[in-house]
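Structure below; questions to follow.
Labels run A, B, C, D and E following the written order; every chain starts at residue 1.
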Amino acid sequence: MTYEEALFYVIAAITVAGALGVVTARNVIHSALFLILALLGVAAVYVLLASEFLAIVQVLVYGGAVTILILFAMMLTRVRDIEGPLDGPQRPFAALAATVFLGTTVLAVTQTEWRGETDEATVVTIEQIGEALFSTWAMPFEIASLLLMVALIGAIVLARGEEGE
Amino acid sequence: MATTDYTIPGEPDLETVDININVGPQHPATHGVFRMVLTVDGELVTDVDPVIGYMHRGNEKLPENCDYRQVIGYHDRTDYLAQFNTEQCFVEAVEKLTGIKPTERSEYIRVILVELNRIMSHLMFIGAFSTDVGIFGTSFMYAFRDREYVQDFFEEITGERMMYNYFRPGGLAWDVPDNFRERCKQVLGHINSGLKDLEGMIVDNEIVLARCRGLSRVSTKDAINWGLTGPLLRATGLEYDLRKAEPYSIYDRFEFEIPTGKDGDVYDRVIIRLEEMKQSVRIVEQALAGLPGGPIMAEGMKRTLRVPEGEVYMRVEGPRGEYGVYIVGTGTDKPYRHKVRGASFCNLSALRAMSIGNYLSDVIIILGSIDIVLCEVDR
Amino acid sequence: MTSEVFNVYIAVLIATIFGFVLVGSALIGNLILSPRQKSPHKGVTYECGMLPIGRSRAQVHFRYYLFAILFLIFDIEAVFLFPWAVSFVELGEQAFYEMLVFIGILAFGLLYAWKKGVLNWR
Amino acid sequence: MFLLADNVWLDALLRMTIVAVLVPVGVILLTWVERKVIGRLQQRLGPMHVGPFGLLQGIADTIKLMTKEDVRPDSADRPTFELAVFVIVVPVFMAAVAIPFTADIFVRNMALGLFYFLAVSSLGIVGFVMAGWGSDNKYALLGGVRAGAQLISYEIPLILSAVAVAMLGQSLSLYTLVELQDNTPFIAYQPLAFVIFIIAGLAELYRQPFDIPVAESEVVGGPTVEYSGIRWSMFQMAEFVSLVLISALASLLFLGGWVWPFGADNATWLQVVLMVVKTSAFILFFMWMRVSVPRLRIDQLMALCWQILLPFAFLQIIINGLVLVYDWPSWTLTILSGAAAIAMGAIIYRVARRSGVLYQTSGAAEQVGLVL
Amino acid sequence: MLGILKALKTTLQAALRKPVTVQYPLEKKELPHRSRGLPVLLWDFDVDEPFCTGCQVCARACPVDCITVTMKDNPKKAAGKSTRKKIVEHFYLDYARCMRCDICVEVCNFDAIVMNNTWEGVELATYDRQDLVLDADALLKQSRTGQLKDPFREPMGVAHSGWSPKVEDDEEAEETEASKEGGEG
């Protein structure tokens, strides 16, 4: 399946380009748009891994919802271009964080036992996901709802604070 | 990457800034070339700055160089939706000043035409207003369909579809055609069936109710203080109509009601206009029944009308409210001073107070509900 | 099985490409066919025939952000609903009540938002 | 599933080519139909001059739009402005993949077709926000954020009503869901979900009474205000294609698609006729709705979504869950859902008639200290 | 919901009625007799000259000053063919300014000017505003060619003095003239 591999590299290139765009764009809205590209690229990678459900979730939640959230958040602020690199006293800490993160990622990539060809990837149907979610993982699932509610209430409290001013 | 900096020097960096939006002069919702500068915070309008004058043509000053017959044509163009009403006002003003008594027949014909004109104007209002509320041109088309019948009828009488120039001090320019009665009844039939369509579209429609009820409530006291007249004043519940309060022409001979609202909100203004159309139909029917024969021009009219020295203020109930004409005569054939009180102009002055604090969409509706005619505002 | 999923998404890939091609060719066609006359007035944004007052890219209202958050949360809930919808009959009562609790907790969040007047826009 | 060609790539290419040809043709035809239908409903004739009954009007319009100068504001953010068109049109194409038109005519039969459709069609929202922001126009910005807020909000009831249908069929494959409706279409079991789906669908298509983002009398076309010529027609195309797709989806989910009422194994031509009739019924209804109702206000729109449609959509899901888990007879489903639908209608009716959720006196002038 | 259903019913009812559209360039509404188009001058076929004597009453009465007239001695009077001492020399009417108030018709002492009630001459779309300023020949055209059949010339208001009672004769003459010209052309 060479063309699948070729497709993977193309998609990966697009994703990485999107990710690079996010950090290099001088305009925050452009950054957000690059982010969509990167997120959709990830969705395409999920498809290559035969994780249909996950890919669609990625599109629905990240492509639609999170993007709009970010765009609205950007538009809440005074949108303007940033000239020159952002600099500040926290530069060494940033460097440290970046190094640690990179190290972890490299470690993870090299240490994982990869399953092999995409062909052999197990296809998990949505029914199986449902079964797992509501029997084995019932508790985390309920906790997720609490998390969502907390996020909701938090946003409302913040918003009301904002409006109170 | 574009490298534009959107910050404005001297502005604090993290403060929400309201947007200023031009609505008009070239906007689908500002009837005519009216312009308002809205200050918008999100969707809420925090300030309205109406800008008028784009239509100013010197309609008050020009007639001071015209003789009295020529002025009638300019009055058509003052309120181009209620031409007969304005003509009537001016003609009656001249009659009042000179003491001419118009003939019976011409008075009846005037009332018929004026009331039909009122219907025409209100039809226009309903059409334009429902477009503002967002009906995709449907009520507009229905209203114009029925307006067309009236306009055809007027064209058969006067020869013009809009700028009639038909009333004259002392009577009418010429007599109505022989089939006047039948045609008038036909037109009334069209209007009655058209009104059903418009009511079906607007009255009781949940979305219209949700949009218009309680919007820009005005109390009677405020309305009087603002100088509001016409449907805007009557919507607040005050039964004030010049046709009844200060009967001019032959209005005291007809039976009709003055529809009033309760809340003074946009919905009431619309319903009142719908109701007024029905009352106008009633008046036309009565006038048609009592239409006498006889001459259409008063006896002894001179070729050139010279108005004696003196001044007069005549006001009539136009579709938009009180339309007044103030004339100072000096014994010549031209008015020395000619002043027009436009109802739209006075009603428009309340726009700012009525709109502030409402949604952007609602300001459009409020403006629509005032029913301005820019030619009358700017003159 | 993998290839089956993959086959389906080949069509999606091609659809994406077709979309880009269609729009792109329309734009290119327009580029070839259309006249071009530069005029300084054409570049002004439309603001009812007047010159724009002040900036256009001002901040949007905070309200929109709140609705975006609400949307995000209920979107995630919907994501959980889909696998549940296709399997809850087999899983029986337990799954149903689990989802009921889930919906209940989020409904409480909605109720809170409602009570706090967030849904009322103003 | 049969293949048009041996190779899956070639097969997909062929099928998508057919779609890509049909889309512009369909859009041209639909604009004509829409103008004619609206004309008739307004007691007019609609386009009459180009071709017999104005049939060629769409083509004339296309030529006109194609040869129009492409005007772009100087201050627009160029990449955002130009890309917005793509972001709006491409998801529509992607969504078209998932919709089967008959048992044999479709691009791909997806196991998660319904889910996929809903996910992909939500991508276009970004395009509106981009167009609104990129135009550097206040109307466009207002329209863009309105579009964003409205479309995301109504996405939720749309998804939930679709979930309700998926619960009945225990599947997310549109194909399977349709095949299950050979006796009774799901509208009989799910009147509430149907009503919610139609309302949310109308809102997703931003047509009257939900045309708030593009409201002509308020924001003069909203995000599209700075787009001219062919660019603008792309917005139009996306709108019409999604109109067809939502109509097709509604007829698949609720009216039994190509199956009901003639059973699952009727002839292909009959299936086509069934689908065309059902889909165009929805399209005509949407057009009819367009000329008949006024526009809601943005807060009323949001209130309708979050305070009425959303709770009732949850109610429908819970009703479905109860009936299916405890295996109650299917008529209970009809009764419960129907009762809930009537209750929803009654609530909207009442609320519109009194000051309440949908209708609020906006504190008017006092708020800013201006006493009338 | 009921009000929305009512609105839907209303539009459906309208759709079942006959459309009211008149497809303008293809079909034209019948103009009423009194229809007031733009002013045109009348041609006196008896003596083969315009009615207009160039007296400038219309020019003075025009509220928008769109008429310019000059007068000259009538050569036909000298020849004994006509009773008109004076005749119009130049007559310019700016259609772009005319507000169709009918006052010129009303004040004319010679019934020389009427409002056009045919479809001829109603199209005001020109490339140049100057094209809308018509001279006497152009203004007389509709009367001379017989396009103007039956202009509305009732006595109007107080200002009107006698008007030529030869309406029928005029019309006959116009028609014969028209057929003659048509035959020649």
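Please note the rule applied: contacts are C-beta pairs under 8 Å (C-beta built on N, C-alpha and C of every residue); 3 or more make two chains touch, one makes a residue touch a chain.
In this text, all values refer to a predicted model and were calculated from it rather than measured experimentally.
Participant: What chains touch chain D and also chain E?
Facilitator: B
Participant: Of all the other chains, whose mean CA position lies farthest from chain D?
Facilitator: The most distant chain relative to chain D turns out to be E.
Participant: Going by the touch criterion at the top, tell me which pair is linked by more C-beta contacts: C-D or A-D.
Facilitator: C-D
Participant: If you average the C-alpha positions per chain, which one ends up nearest the average over all of them?
Facilitator: Given all protein C-alpha atoms shown, the central chain works out to be D.
Participant: With centres defined as the mean of C-alpha atoms, identify the chain lying farthest from chain B.
Facilitator: Ranked by distance of C-alpha centres from chain B, the top chain is A.
Participant: Between chain B and chain D, what distance separates the C-alpha centroids? Give it in angstrom.
Facilitator: Centre-to-centre distance between chain B and chain D: 41 Å.
Participant: At what distance in angstrom does the C-alpha mean of chain C lie from that of chain B?
Facilitator: 45
Participant: Report the inter-centroid distance (CA atoms only) between chain B and chain E in whole Å.
Facilitator: 31
Participant: CA centre of chain A versus CA centre of chain E: separation in Å?
Facilitator: Here the centre of chain E sits 77 Å away from the centre of chain A.
Participant: Going by the contact rule already set, what residues in chain C reach two or more other chains?
Facilitator: 3, 5, 8, 12-13, 47-48, 52, 56-64, 68, 70-71, 75, 78, 82, 86-88, 99, 110, 113, 121-122, in rising order.
Participant: Spell out, as numbers or ranges, the residues of chain A touching 2 or more other chains.
Facilitator: Within chain A, the residues that touch at least two other chains are 27, 30, 52-53, 57, 60, 64-65, 68, 72, 75, 77-79, 126.
Participant: For chain E, write out the residues touching at least two other chains, lowest number first.
Facilitator: 1-4, 7, 10-11, 14, 20
Participant: Can you list the chain E residues touching chain D in their complex?
Facilitator: 1-4, 7-8, 10-12, 14-15, 17-21, 23
Participant: Can you list the residues on chain B that touch chain C in the complex?
Facilitator: 6, 8, 16-27, 30, 35, 37, 41-44
Participant: Could you list, by residue number, the parts of chain D that touch chain E in their complex?
Facilitator: Going by the criterion above, the answer is residues 39-45, 48, 288-289, 291-293, 345, 348-349, 352.
Participant: List the residues on chain D that touch chain B in their complex, please.
Facilitator: 38, 41-44, 77-78, 138-139, 141-142, 146, 208-209, 211-212, 215-220, 290-300, 348-349, 351-353, 355, 358-368, 370, 372
Participant: Which residues of chain C touch chain D in the complex?
Facilitator: Against chain D, the touching part of chain C is residues 3, 5, 7-8, 10-16, 18-24, 26-27, 29-31, 33-37, 42-48, 52, 56-58, 60-61, 63-64, 67-68, 70-71, 74-75, 78, 81-82, 85-89, 92-93, 96, 99-100, 103, 107, 110, 113-114, 119-122.
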